[in-house]
Amino acid sequence: MYVGKEKTEKVKVTCIDYDGDHFQEKELKTIDECFPLKDKPAATWINIDGIHQLDNIEKIGKQFKIHPLVLEDIMNTGQRPKMEDFDDYLFVVLKMLHYDEEENETKTEQISLILGSNYVVSFQEDEGDVFGLIRERIRADRGRTRKMGADYLAYSLVDAIVDNYFRVLEKIGEKIEDIEDELVKNPTPEVLHTIHSLKRELIYLRKSVWPLREVISRLERWESPLIDKSIDIYLRDVYDHTIQVIDALETFRDMLSGMLDIYLSSVSNRMNEVMKVLTIIATIFIPLTLIAGIYGMNFRYMPELDWVWGYPMVYIIMLAISAVMLMYFRRKKWL
Amino acid sequence: MYVGKEKTEKVKVTCIDYDGDHFQEKELKTIDECFPLKDKPAATWINIDGIHQLDNIEKIGKQFKIHPLVLEDIMNTGQRPKMEDFDDYLFVVLKMLHYDEEENETKTEQISLILGSNYVVSFQEDEGDVFGLIRERIRADRGRTRKMGADYLAYSLVDAIVDNYFRVLEKIGEKIEDIEDELVKNPTPEVLHTIHSLKRELIYLRKSVWPLREVISRLERWESPLIDKSIDIYLRDVYDHTIQVIDALETFRDMLSGMLDIYLSSVSNRMNEVMKVLTIIATIFIPLTLIAGIYGMNFRYMPELDWVWGYPMVYIIMLAISAVMLMYFRRKKWL
Amino acid sequence: MYVGKEKTEKVKVTCIDYDGDHFQEKELKTIDECFPLKDKPAATWINIDGIHQLDNIEKIGKQFKIHPLVLEDIMNTGQRPKMEDFDDYLFVVLKMLHYDEEENETKTEQISLILGSNYVVSFQEDEGDVFGLIRERIRADRGRTRKMGADYLAYSLVDAIVDNYFRVLEKIGEKIEDIEDELVKNPTPEVLHTIHSLKRELIYLRKSVWPLREVISRLERWESPLIDKSIDIYLRDVYDHTIQVIDALETFRDMLSGMLDIYLSSVSNRMNEVMKVLTIIATIFIPLTLIAGIYGMNFRYMPELDWVWGYPMVYIIMLAISAVMLMYFRRKKWL
Amino acid sequence: MYVGKEKTEKVKVTCIDYDGDHFQEKELKTIDECFPLKDKPAATWINIDGIHQLDNIEKIGKQFKIHPLVLEDIMNTGQRPKMEDFDDYLFVVLKMLHYDEEENETKTEQISLILGSNYVVSFQEDEGDVFGLIRERIRADRGRTRKMGADYLAYSLVDAIVDNYFRVLEKIGEKIEDIEDELVKNPTPEVLHTIHSLKRELIYLRKSVWPLREVISRLERWESPLIDKSIDIYLRDVYDHTIQVIDALETFRDMLSGMLDIYLSSVSNRMNEVMKVLTIIATIFIPLTLIAGIYGMNFRYMPELDWVWGYPMVYIIMLAISAVMLMYFRRKKWL
Amino acid sequence: MYVGKEKTEKVKVTCIDYDGDHFQEKELKTIDECFPLKDKPAATWINIDGIHQLDNIEKIGKQFKIHPLVLEDIMNTGQRPKMEDFDDYLFVVLKMLHYDEEENETKTEQISLILGSNYVVSFQEDEGDVFGLIRERIRADRGRTRKMGADYLAYSLVDAIVDNYFRVLEKIGEKIEDIEDELVKNPTPEVLHTIHSLKRELIYLRKSVWPLREVISRLERWESPLIDKSIDIYLRDVYDHTIQVIDALETFRDMLSGMLDIYLSSVSNRMNEVMKVLTIIATIFIPLTLIAGIYGMNFRYMPELDWVWGYPMVYIIMLAISAVMLMYFRRKKWL
């Protein structure tokens, strides 16, 4: 049973069969058309865009003798990246990330790969174009893909997915820089929310990338006849890339924590400033108000009231008090 | 001796005996009725709802030659999930979680399993329905259970328990989303308490799930004749599920931490706002009050008092001061 | 040399010699009386309450051929729980915890055990009663102790100590619940101090329990002829208990951290509330005071002063201002 | 393809060929000139300053039979420090740090080394002088370099890079001490920003140094015929240095965290002080103002107003109230 | 080259040669005098106080065939504690801590040991007295030192250094207790600075002790002919001591963290108290001031002013308002 967002798009199946000499590509109406290719020695890549139709998956399961639990895993989009060896084939689940410019957030898509001795079956949730470059390279016989087997193709697919991670990281890096400017210019609560939503995005990224690291590390160290020794160095290269992705994620996380600290302390600095203004105004004017109040009293016997210079004298006293207060504040470095 | 909440319900014992061909289910009055089945080759599943009656447990102990410490563990509901191998049988303790809608909190129940060569004995604290689906499947001969042995049955029970965890996680996820809305709209201290009670719930969940992960991982890697190699892939599947549960718990924990930060900073933002209002009002009105006070003084010689335009002039001065102050606040971005 | 609190109580030495058939218990005046028992095949348990007298320890050291460093460790109460194998005997140091109701705090006592082929020597700092139950069981021939050897006795002693931990945990659990109520009703600084003293108590408990876990785990895995294979399952049981103790400690610690957060945020909530009251009072009354001040001015030409309705009009204006302010606060949700 | 900051400087290639007896150094116009040296037994060191020109790298790749992925890694400056063994040669990527006095920040440069049986090829991003000392030593036949092979030369290069780290650490240490003084004298928000920028610098340093530690540790433990056993002790020495660098980084990080705490608490101390001044002034003058207000009332029957000593009495009462208030504050330790 | 604080004191070299029967001690003028002892079977201990003179170190290096890197390490006081095996000798670097009463801080000194088959060479930065006790014991033939070889001597030196750590810990413990009292009585910013300087001291201690733990653990597990099996139990004893030191450090760190929390919350409690006083005074007196202001208005038609009881009535109203306010505060638990 398919587990994930509901979908109605038609499932698209393409099949590429190649070796050093020949190349054949077709879009299939029914999945059965590609099964004869399976038995030829040339490498066959079956790509299925859309995993919400049970019958395709089941047919492939029957033809390639895939374990029912694997088929369940393929159709359940809540998988964790993992790699499993079933002797006849390797089963790999990965998460593809891509940044959706319109909704301004990172999207995740589950990619499952089945690597047999001379075939790769790849399952995508949606029609995507991340594998487009690889298809191009096979068609044009560029790079090494045509000269090598299904294992190299599987590596290429994984590599394409990991390369995409860097693009997502770049986007997040840009966002972090944007917030940093904001933080200095205008630390509003919105900045705080952006920091937190980025933090959450990083949490989800980590969930995809950490197990991926393990998957690729296991692929590299795995002693399977399905993966030729010569592929190891390429897998180590992808492994290095995932480590770089993880490094970048950790750095981003540390940076966001630092930004949270800056935000909080800038809020408390602002409060401090507000308090200082209030205190300065209040402590200067309250004593002056008292003086005015005193000479507003109605006692019959208040000699000052009859003095000719009484009124200006009050102003002089008030100025003196203000001056003393201001000097005090200046010495306290509040002004 | 039974250790746990006091109970008086009657203990319910059911027994299911099956293989590919035949199937027999009965509710037993005394536990002794099921012992003859033990020696037949067909798989036997004895389920005991209620562990607060010593004699049943003791009889099973004697019949199946269970170590006395195991019987103690079964009756003590404070166990940690664990797995122990006694050559003749495996002993597994698990925690079943289910969300109690009425009391609005997660409940824990201890489940003990004894897996012998052709039997499974399961002990539950209360009559529950989490195993109902499995019973259905055996009765209707759906799925693979009837075709496989006692080890597959044990796996099914563990799987049913772990599947239930996802339902509890969903509930917690919903609660977290609810608080998030609250947090933006109205950050009251109640929200803080809800965050903390959710945090505590996660702590308890972690206590159940982390050792569970170890238990299942050990079951999978265990070289016991009681578990057939073909079961390993199913166990690995449950293992993947527990990892997913742990992942979700960690994500929830990170989210709650982030929400705590938002709560605290929104409280301090509110304080800031309150302080600003106070400061604006005070710094505008205090100087005005001083002016009013000054012209309320009773000095005999105050020339302004006799001016015809003195009174309106005061208003003009006051307006001017207010305007200057407001401009100052606007420049400081307090308004 | 004895390292620990100074003591003058008399050292009490008791000796129990038993096997399945016979039983003998005596309180000794001099430690020498028990040495003849050592060479008989029956299990001998020598318990020494008080480790501040050098000569007893030295005599035992000579008789049982204990390494001098072990004797030093026995007399130094600052040991960390540990287990060491000297081929002829195992040396185990543990910490016994018990809750002192009078002083309202947890006390620690160091217990050292020497397990030989047919004897156990146990050293306690004070006369305690935690081993009383075991003595009872041996006397009455209840349980399995009499039927088994010195290794089972050593296990029983360790088990009794670990069981005592649960009682201490219960006490701490009760205290935490008490503070929780306090925290909601009346978050005084005293609550903070209680939280911190509990935190410190947990730190000390961790220091006793974490190495204990290691000690018991090593005992279980240790390939020593002094410990029979049949004891392993019992040791694993104690091991499970220590893990439960550690789990509880970690949970308590997390709970205390959460309570600290709640305390701090409730303090800042209170401050917020105080500020709001101040702000509401000040912002309502300061403008009113200004109005009163204005009509208290002594200008000769103030037409309002001569109006018949001037005075009531001032009240009406004041009421209007107050109403507007109150509405503003209500809209801001400060009331 | 070169990945990194765009560059147009000319690439500089130098070649040193030496053994115990002879020495030859030349700056090359085209890289091809140095290839004949490769086949002689003497150690050859080819140093390339500038990795942004594809053809040089490719020629070297062809001559020394370097794997294409290695060439890609050399030209991509975003590598993580790593070490890879290709049987014929070892490939090492390192990060060189140097403190740029002008821009007041730490700069990172990627250094790649290829160690063959009798040659070392080193790639630098820019013309640097960190290897100058080694060149001097080879020219003057000082130290052990001339007597030993290419492996010792590779060690020397790594050692020179790690030594440079200490200089960067010193700079950071000085900066931290500067802030510390600032923190006590004048805790402005700028100090906070400096603390955070230093924190970030440490994050980047960690990213370079942690994998470096692993690289050197692997070099030391690696069983490669390319590295003689006698080099191990030197590698262990560099390893100790990287550990010292890591230790210093961790210490710096802890110190910065402590300084953040001090900053925050000094900000809140300041706020406290501001509040105290406000409170003292307000609580002293507000009651006095009330008294002045009371005797400013215009009731017809106010006996005090007609007293001869009424006016001085008011002063006395005011002084008394102020004195009581001041005493209260003194007892509260606010003054 | 010597790396460390500049020094000019004369280097002091003492040499002790001993076995069970004979003993010889002399202070040497030139280091050469002790070299003949090296070849005799008796254990020889050469102690060098002062490592800032190159020639001594070099002579020893030549005589004992020490690797040049070891000599460099001895003269560089920035080493991390470590242990290295050079087959003929073991090289151990340790940090000795002692508390300088005058400067009120912990000082670190680097101690290097070279353990050969029948000699120990120890290097100290300054003339110290921590090894005095061992010298005494050898002279007086107390303890086991004379009966055992150079390996036991090396152990004794390490043991003496670790024992010194406890004295430093005691000092820090006393300081922590002092601050704790301060914290309750008078939480000034100075207390905060003391907490932070203690925290920093702990950071430095950790840097010395953690690698020490590893060094001793490796010494114990090391299969070197230079260390007799009988020494293992002594090394395990020192190991236990270092673990105790680490435990104490961790406890101190946790305690200091707790104290920081208490400090911060007591600061905010004080602020709270200040705010409450301000609020109570302001909210009581501001309304009263308004009333006084109202009856200070100069309206011609204010009937109350002509009432005989107008003036006392105002007092009654003021008292009533104050009473209501005070009750409100009491109900809010602010008084």
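Some notes on this structure:
Order as written gives the chain letters A, B, C, D and E; numbering starts at 1 within each chain.
One rule holds for everything that comes next: contacts are C-beta pairs under 8 Å (C-beta built on N, C-alpha and C of every residue); 3 or more make two chains touch, one makes a residue touch a chain.
All values derive from a computational prediction rather than experimental measurement.
Fitting chain B to chain D on C-alpha positions gives a rotation angle of 145 degrees, to the nearest 5. Looking at which positions face the partner, chain B and chain C present mostly different ones, since fewer than half of the interface numbers are shared.
Rounded to whole angstrom, the centroid-to-centroid distance between chain C and chain E, based on C-alpha atoms, equals 26 Å.
Once the centre of each chain is set as its mean CA position, chain C and chain D turn out to be 42 Å apart.
Multi-chain contact residues of chain A (touching two or more other chains): 268, 271, 275, 278, 282, 286, 289, 293, 296-298, 302.
Beginning with chain D and heading toward chain E, the contact ring passes through the chains as D, E, C, B, A. The part of chain B that touches chain A in the complex is made up of residues 233-234, 236-237, 240, 243-244, 247, 251, 254-255, 258, 261-262, 265-266, 268-269, 271-272, 275-276, 278-279, 282-283, 286-287, 289-290, 293-294, 296-302, 332-334.
Here chain C touches chain E in the complex through residues 67, 69, 73, 78-80, 82, 84, 186, 189, 192-193, 196, 199-200, 203-204, 207, 260, 263-264, 267-268, 270-271, 273-275, 277-278, 281-282, 285-286, 288-289, 292-293, 295-298, 302, 304-308, 310-311, 314, going by the rule given at the top.
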